[in-house]
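Next come two complexes built around chain A: one with chain B, the other with chain C.
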Partner chain A sequence: MSVLKPTGSIRRRLVIQLAIIAALLSLAFFFTVRFVAEQAATDTQDNILAASATSIADAVYSEGGAVRLELPYSALSMLGTISEDRVFYRVIVDGETLTGYEDLPINEARNASRTPLFETMEYRGDNVRTATVSRTLSVGNQSRTVLVVVGQTRLGLAAISTRITTTATAVGVGFFLFATALSAFAAQNALSPLNKLAESVARRGPNDLRPVVATTPTELVPLVSGLNSFMRRLRDALNRSEDLIAEAAHRIRTPLATVRTQAEVIHRQMERPKNRNSVREMIRAVDESSRSAGQLLDHAMVTFRSDQLETQDIDPKELLHEVVDRLSPTAELKDIQIDLQLPNNDFSISGDPILLQNAARNILDNAIKYSPGETEIVVRLIPSDTCRIDFIDQGRGFADADIRNLTKRFSRGTNVNDIVGSGLGLTIADDVARAHGGKLVIGTNDNGVGACVSLVLPLS
Partner chain B sequence: MRIACIAFILILAFSPADAFEIEAKRSYASVEDGSMLSIISTADVEVFEPIIFEFQKRHPDIAIEYVVASSSEVMRALHDENASYDLGISSAMDLQTKLANDGFTRRYVSDATSLLPDWATWRDRVFAFTQERAVLVISESTFEELPIPSNREDLIELLREYPEIFDGRIGTYDVRTSGTGYLFATQDSRNTESFWRLTEVMGRLNTRLYCCSGAMLADVASGKLAFAYNVLDSYANSKLGDTPGIITVEMDDFVSVMLRTAIIPNTVKNYEAAGTMIDFLSELGNYPELVEQTGLPPVEARDSYESQSVRPIRLGPGLMVFLDKMRKESFLRSWVNSIEQR
Partner chain C sequence: MRFLLVEDNEELAKALSDRFALDGHVVDHAPNLGDAELRTRTVAYDLILLDIMLPDGDGREFLRSHRINADSTPVIVLTARSEVSDRVGLLDLGADDYITKPFDFSELEARSRAVLRRLGGAANNSKEFGGVVFDSTAGQITFNGHSEALRNRELRLLEIFFNAPGKIFSKSYLMDRLFSFQDDVSENAIEVYIGRLRRKLQDSPVTIETVRGVGYHMTQKT
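== the complex of A and B ==
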């Protein structure tokens, strides 16, 4: 199976892009709030300055040909209510300072108007915002121009600005974090159908090649229908190969059986010993061919079924009984006694019964084949934390130390040249053991000559 | 402590270098070697001396030069003549505010000043350390037979009813010379319509004008005056013990409360010591025996006021209105016209 190389996560991309959008929006929010709030604060100060200047202008009056001013208390005190800023004022009549701070700069170029004019300037070491209003006053027969400037430093404004900046920053950062959390949640949510689909496909059993029918978002319909079509073709291919195996088994075994029967008939009719020997050799070869074909098909079947393991609860005692019963006739031909040792308690393992039977049969068959006549084979079931089945014979055992290779396909021991074999028996048993999460242990008989082959399977 | 101090007084000292007039000057040497703190203040030496002794007990390395001047002279020294002092202490809140507003003061922030109530500081440059009320001081003997007035309307009624008792026997500050008097008078004019009528009535009864509290209180005690109007309760209370025959009366229509404030002028030479003194003054309430001795009520939270009629004068640019030269001119003209009806 090839390893998929992921080229990035959709979710991460989604979250990052949404986070960038949120960051941009937060920044926009921050600057908007700051701008609007500072504008509002400046307007507030301007309004108060204008009110102050206007109230001073209103308090200017003429008395006995002179311009006089009763500076209203509220004109200056109102400026003290919003902040502790410094306050300056100056009243000018026709270019002559009437009262106030004589060095406070004034924009004399402006026309007489009651609409306040605002300016920001440096005065006495501070940044000062001023409002200027002017009015005309008739003194005697003359019309005189009165200019009123009221100024205030902007420290309170700066403090407000700092506070607004802090608040806007906090809100902006909060908004960004909240939006990012929400987008992570949204991305998760949007991708959940994809995850569900992937999960439902991954969870399928090995034989489940039915089309995916789960609810599918529009965007995934092409993928899912592609997958479904692929699975349909796979199912067809598997069906065909299963058919082929059954067909091949049938086609090879049946003619071989016919050949053997016919050869036996001929053997009985033969009279010359030389010819009879030849025919016996032929029968033996047919038997071996039949056996090899059977093992080849077994192996193919084991490989196929192991890929799509279907498990069920099995009583191993029953299974061994069946296998031993089936091979007893073969053993009896060589006067070999099979001693089946089973424990009393009941337990079960989970596995494919056909495969397990196959494995047990192949091991026992091997044991019979390599055992000399009139010996005993012990089949022993030992349940502990695993289910261990020992097959102990008194045959020639494994001559070489290269036991690991024995489970390779078509590999045979070095001491078996005189016996015909395919080299598949232990391979099948090993494959089955592995498919069930167990193992095949090959060793020697502890009590003398012979081999001990153990099939170790996990308990269900 | 007194022995350790080499103290000398120059009453009404006049040195040609200073164009502003000082009333007294006293030096308090430090026990240990250290720095010199020069203070220009409106408070009399006798009033402020206990504070200096207590301060030096805690900071023996600071020598103090204490100069007394009237509030307008303090203003002249610091505003117009750039005289060099480390600390300016004055009962004229308006002038102190103007100094801070016009950029003649240094900023100062410390743990002690941040503990002061909001209303007791302005721009971290003006620091209030006492709150003193304007009260009516009456002669006990004169009012034996008369009802004691509880507000300004009652007082006007009383004056109109018994002109023969009060003629020539009323005292108040001459607001032309007394900064405190001017502050109280202008605040009165803002707070009540009765002020001008009261001034008119007082003027008709040949009111005597005083520059300072001391002389006025002495005249009340001797029975020369029937009452004195708008006297600082701190002075009156400190004199009550050894001056029999006077009673202080708080008006229940409103009572002006003045804050005695300290500032650090731009011309400061010993900023650190000035800050130390401001911290000490801010915590005046922590020294009850000192409060007792000086009669200066320390700054405390406003909600402790017992009645609605107590009107603390607010620090801020509003105080500068009556310093406007035209406004001051017209106020003084009106006041003189009312009080001097000869």
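== the complex of A and C ==
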């Protein structure tokens, strides 16, 4: 079970932030391009309008006391170079229209200048840009004011503007997508040392608490040194707790051994059966407490190692040989024969040898403990699609009602109250089997007498 | 047998020595590694019992130098720990076996016997009485050119008689030697084993006699 709650990835956050910046830049680019381009188009139209108006104004002359105009063709044709827009003009002399569209509006207030005056207005249902220039003309001894207004619809300009907008949009979107892709790549690249570090830590075995020694970017140095210092403290703590367990076991078991030995000496020297029984009970109590302490330590060790299982290939035949050799002297004390039945072919299982040995030892130890003297225990290894190890004894077996509960911690059969036990042996074996993806099967010997406990493990 | 007990806890060492003496064994006590090394250089022991946590070092160091010096005296480690990895490590270092404190003396005896048997047996492990040769390592008796194999309890029972021929042993003493404190047996159980030994000794010049109201002793047939 993981206690980590991921709150979003740094990479995603980085990419999103960079994408937002890219989007803002794209928008700014889009508006700038559109503004500048439209301005340039407007300026171009204005310049042509101004040139046209000026050239018409220049073509006004006086003849015989009248004002005349020979409209230069080029003045209007130059407007056609921009687009197919409609063109309007009006020439006014002292407020009277000389020629052109009489309804073309005019700004009379600002007419005494040769500097063109530009305006945008609605005229005949269209948006029209006009340039107005004025000129003073001497007619006889009179000074007459000539106003020339040239206008042009803005449809062409709108088309240019649309084209510019489309192009600017395409470029903006393209820039945004490209920048986002680059950000994703950059984020990936920037985070790769972090990923490498995570990988190198994750690849480690559970007991590998050596410091991380790798070239690290400056930003990761605090993290790596924090990690290393944590691992150092963890290693120290583990060593300390291991020392503590060893020390505690030593401190508890040594006085227990003294008590037990002295009790045995006293027991030997006692004559009265009542006293002998009392001392005997004392010795049994010492045995019970030391056995419980041992199995509690074993169980703690099994739990610890099962959580972080480190497996290797194991020859189950060799493992059983070792366990049987180890327990044979105990069995011999009761004249119990251990019959080890092994197949001829070689095969292996994958697991933690210390855990598997512990499980097998606990099961066999139980079998010896509950078997009457001068009987036989069969330890049988049956490889098929799994590796099954049967431990078959001729003891009192299991009461049916107990079988389900026997693998629970401190649970013991109802028919064994007269024998010292902690109720942890089968729990340990069951935990080990489960940790290896196998199971512990508790049943009755085929002959109906005694127990058959099977350790079933997957083949490697 | 002569043991060397390397154990820093004085009370435990004293208790163990007393306990071994009850079974007729001689025990020398070394409270530290330095003392233990001095003693192994001068006395030939049948077996060394070695504690691991000692004031002047780790018992494993002693094991290592013991093996480097090619000393063949068997070593049984007395450990307070029970973790298997620890035990396996001890065996790798050259311990012949280990036993977890506190231990049952009959288990220690059984382990010593197993170790000695594995090492080919000490030369002086057979005893002779009245024409019967008792070999505890091979687990058999030989008389008139004929051998009889003994089961473990029969062997341990007969060993008591062979260690002190003629001496009378009470039923309760024999019970203590033969059964562990965990075995729930009545005193009559000893009669079963005496009966078996008598059958195996039937054709030999030796028998085990009942001394009414006192116990049993081994004697030559008259």
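Just so we're on the same page, the second predicted complex is superposed on the first by the 286 of 460 C-alpha atoms of A that agree within 3 Å, B and C clash if a C-alpha of one lies under 4 Å from a C-alpha of the other, contacts with A are read in each partner's own complex, and residues count from 1 in each chain.
The rule is simple: a residue touches a chain if its C-beta (ideal position, glycine included) is under 8 Å from a C-beta of that chain, and two chains touch if they have at least 3 such contacts.
Not measured: the values here are computed from a predicted model.
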Review point. Any idea whether chain B or chain C touches more of chain A?
Key: C
Practice item. State whether A:Glu38 touches chain B only (first), chain C only (second), both chains, or neither. Key: neither
**Study point:** Contacts of A:Met301 with chain B and chain C, given as first, second, both or neither
**Key:** second
Exercise for review: Identify the partner contact of A:Ser77: answer first if only chain B is touched, second if only chain C is, both if each is, neither if none is.
Suggested key: first
Check your understanding: Is A:Asp58 touching the first partner chain B, the second partner chain C, both, or neither of them?
Key -> neither
Check your understanding: Looking at the overlay, does A:Thr258 come into contact with chain B only (first), chain C only (second), both, or neither?
Key -> second
Exercise for review: Determine, under the contact definition given at the top, whether A:Asp94 touches first (chain B), second (chain C), both, or neither.
Suggested key: neither
Practice item. Would you tell me which residues of chain A are touching chain B in their complex? Key: 68-77, 79-81, 84-88, 98-101, 124-126
Review point. Where on chain B does chain A make contact in their complex?
Key: 100-103, 122-123, 190, 314, 316-318, 320-322, 324-327, 330
Check your understanding: Taking the complex as given, what residues does chain A use to touch chain C?
Key -> 245-246, 249-250, 252-262, 264-265, 267-268, 271, 276, 280, 283-284, 286-287, 290, 293-294, 297-298, 301, 328-330, 332-335, 354, 357-358, 361, 369, 373-374, 418-420
**Study point:** List of chain C residues in touch with chain A within their complex
**Key:** 9, 11-12, 15-16, 18-19, 22, 53, 78, 80-85, 88, 100-107, 110-111, 113-114, 151-153, 172-173, 176, 180-184
